[in-house]
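Below is one structure; the comments refer to it alone.
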């Protein structure tokens, strides 16, 4: 008997019963299917958003490369570009080899301090290795690649601070260890569910976990290397060494700004419309306020409106908002960015004064404003956040990273040295380390 | 009695009744939930699309900065980059402070001419401040930030036309007022639902509202400033002043082309697949046709295929298609772009002839092709659009913007002057306004 | 009788029956609607993903332009930028005119060798011209524009290999024919469902269909043109001619890397979360492994770590993974990329040795690694893929493209010549072909 015959027959109660049950089962099935379909399509959209964010974080590496190249001399351009190409490449590979499983170990040892889920990556079996819909949702591989793009960032920040005088091979060794081991362990304490996460420490997208960690590493490196030749005169006076291409700097900063939409927007870990749009607004406002804060501070302090300061102000605002982009209001984002923009101008002067030579201002931008942004969550984030816990987190990351960076740099220094010879530094690392020039059509050997 | 027991019991009609009602209510609820779930997931996808468009419009600001820098001399590079960094920053902040609420006032006064919804932004209460699903959907914050990225564009267009001779502080004041007040009020007449919208004027993504408005501002500025020193010889003959870096120009134009996918694609205000894909096709075809139109026109008219013309042709095609990208066919898009590419070559010559010195061709690209694109909607758009109403719109925006720009520039001129001294112009604004050089490793003072 | 009255009345079985049927019909309708709604929202998300991929592939054209400019001399910069602007523009237009319908003809003639669906594009009638939901889904226009962005790539690859000595008009004619006819016919054999597709040949995103095809074209061009003046000394020794801007090279390669996320990610032809995230992971790992492979191979082989080799290694890895990005594991992707990075270093030396002068290494990157990647599918892809069939595909494309490219180049050579005069080459194509300089502020005539 087919459905048509069945429906044409006279109905008794039992038949009605059957129909009801049929309706219940079939329609319930349909409904459940449709409901699961809707969850699936949100999952698809989330995953698209997370990959878009991944691409944006990736392009930050071009941003860093352009910025660092622009702010240094043309005789070291090849060297900087080589280092940046190396870091993103080695970063992705080591993160696949071990970083991802160090940072998200699942199980911790020693009160949430250390854990490791094994070498390599492979999507978990079952349901295609998808993360459960309920969690907002994206795939295991999306999770890995988004986090991998983040990972290399911290080491890249170091490269700016130690530019123009570090030995290439020494830097490559340092950067590989830093990105493969130090950053993931540090990250696990909060994002991997470790002890600082359990304490209630908050760092939405990495003011501390990424930027301060990179900044501390840069501080140790710049301290151990000492200043570049020519930065301080015999008299002790500081002499600015201008970067060779401000268009490259501007390209770098605008790309970083765009990349930050992925850095912060992706850190929502879903495409939740309310949250991602709020985060993009707070991120944009803080960057804008940082630019104006630094521009006018430099205009007032020195007598000229300084382009590098305005652009570093953009980054200062971005680093500042990163810890709390999802928990502050637009107005608070403006304040956080503005303060970061003002801070960064004085921080640059401060490090110049204490003879920490940071060619691109990485320590001022990433370390100082990273600390500010993390503490700002304790100030503006509302009752869920504790200033003291934020401070503990800042200090814990500081101590851990400084100790690790010091040990690694010091070991390399003992083994093969970390600074190029005076002659190499004067001639430039492009010729001496790489045997090539960055602009052979235009280049006259510039020696300072 | 639990469900299992209930289902095992013998059924009477009342029980069947109960089951039926139960099925009705429960499954209806499931279905409604699933249906709402589907609407929600479209909402999520729409919001992702609108934010992607936002990021693309943002990167247009790097496009403009690169283009303007490339087409001007290296002695004014820092100055241009500073202005562009300032405009996007001040633009976002003033748009949050008042521009958004001037442009989308809700209520108008005086026949749809002026309205203001108050200072600041904050998501409306209820349902998370989301715009209703029925409207295609994205959040309040997404709406704000997408529009904010647009807002600064108009002022950036002005900066190209007045480059290499305007006083920095005068420009900053002009740009701030232009982006905070003039652009939003002009925009409200159409996009905010004002009098031109009520008349049936159509401007899909801003051939007039953004590009012509910027172009008119640039025309007034270039007229009041007069030409750069060296542009016209004592004999009256025009002398081209070549830009210092054509790679920067190319980077700028390609980034603008990509950014335009967000500018036009996002103006659909949803991720409606049919409409956004049509818009991306018409946008691409017009840009391509504009490039070839300008390349071959310049090749025929002068004796060489001119790279700057080909690249300005891309922009001409893009500006031309912007008013009607969603209502013309691919074939019509090619015609609109081709004509724009041809027009722009003659427009550049025309402004050179009447001694309006526009270093980057901004007036030819944005004003002239913006008018062409707006009128083209009346020609190609079909019976829903009136050529006369399009013309009225063009003229209304022209009168309003010229009057406003004139008043602002003139007031600044009276107060603090708008042009740098002859010596400053000869030495370049980088040294005199900012105390720094853009390419210190290569730069020999170039004076024209 | 309204619903409320109906529900309040005493129930008989017939009434229960009615309610049941009502529930069945109404809820079924709801459910179907909700289910269709879920399918629709996946469709929306897919379409967003495909357009995002389109934008990323578009920006590869800026990547190619930057890379080629950076690796050549500043006296030929305008020429290269003009060619790249022309190719993307002519590519999109000819693809709309005929390429799309040659590549996806629907019906084939001659055993799947040739077919043509007519001139022009227009969305098919019915259901808004949408591709069926069941197919993963995106619109006709999205399909066109994504494929159009691909199309110009093959011709762009040629432009790198023939740079610095080909006559502009000759190249424009070649490129137009290549992109309008040769590439689409070649593409139809696999992606259009032609004879190689029927044989089981696999090329996921175009290691062969795009990169080798472009590489073969470049090989023929470079062979027919002969080496640049100064590349080989009278003694026969090879003399490297360094590119004029390594920052431009780095910008180009990083943009290409990002663009490849769309090139490979979009080739999934839907936003299927598992597949796109796997593809982005394999693509990233291969690029990273390619960079390290080439960097260390050059470091070991020559005595310096070569930046151009590291960056070409990125591209080598990307070209290598492109054929099988969706069918290999992350570990296999690392091997494929690493081997590609090693191969590319030796390939560059090989072509230098046999006096094929390829200024940017396009043949080594796109042809050699394209072949490697296609064969790697036969090695690593599992039992569904045959090494022999892959080899047949590689050879078929080689023969077809070489014959076509040879005929076109040879006909142009006979008609108007393909190489500029010696004087033009020495002075540079910017001045002689375009009458303008790329960096007028800095440029001293560089002659080699």
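Which chain is which? They are A, B and C, in the order written, and residues in each are numbered from 1.
Methods note: a contact is a pair of C-beta atoms (placed from the backbone, for glycine too) under 8 Å apart; a residue touches a chain by one contact, two chains touch by 3 or more.
Keep in mind the model is a prediction, meaning the values are calculated, not measured.
Of all residue numbers that take part in the contact between chain A and chain C, under half occur on both sides, making this a different-residue interface. After Cα superposition, the angle needed to carry chain B onto chain C is 120 degrees, rounded to a multiple of 5.
With centres defined as mean CA coordinates, chain C is found 30 Å away from chain A.
The residues of chain C that reach two or more other chains are 13, 16, 20, 23, 27, 30-31, 34-35, 37-38, 41-42, 45, 48, 52, 245, 251, 439, 442, listed in rising order.
Residues 13-14, 16-17, 20-21, 23-24, 27-28, 30-32, 34-35, 37-39, 41-42, 45-46, 48-49, 52, 56, 73-75, 242-247, 250-251, 253-255, 257-258, 261, 265, 271-274, 276-278, 280-281, 284-285, 287-289, 291-292, 295, 302-308, 310-311, 314, 329-331, 334, 439, 442-443, 446 of chain B are the ones touching chain C in the complex.
On the chain C side of its complex with chain B, the touching residues are 11-13, 16, 19-20, 22-23, 26-27, 30-31, 33-35, 37-38, 40-45, 47-48, 51-52, 54-55, 58-59, 61-62, 65-66, 69, 77-78, 81-82, 84-86, 88-93, 96, 120-123, 128-130, 138-142, 144-145, 148, 168, 245, 248, 251, 433-442.
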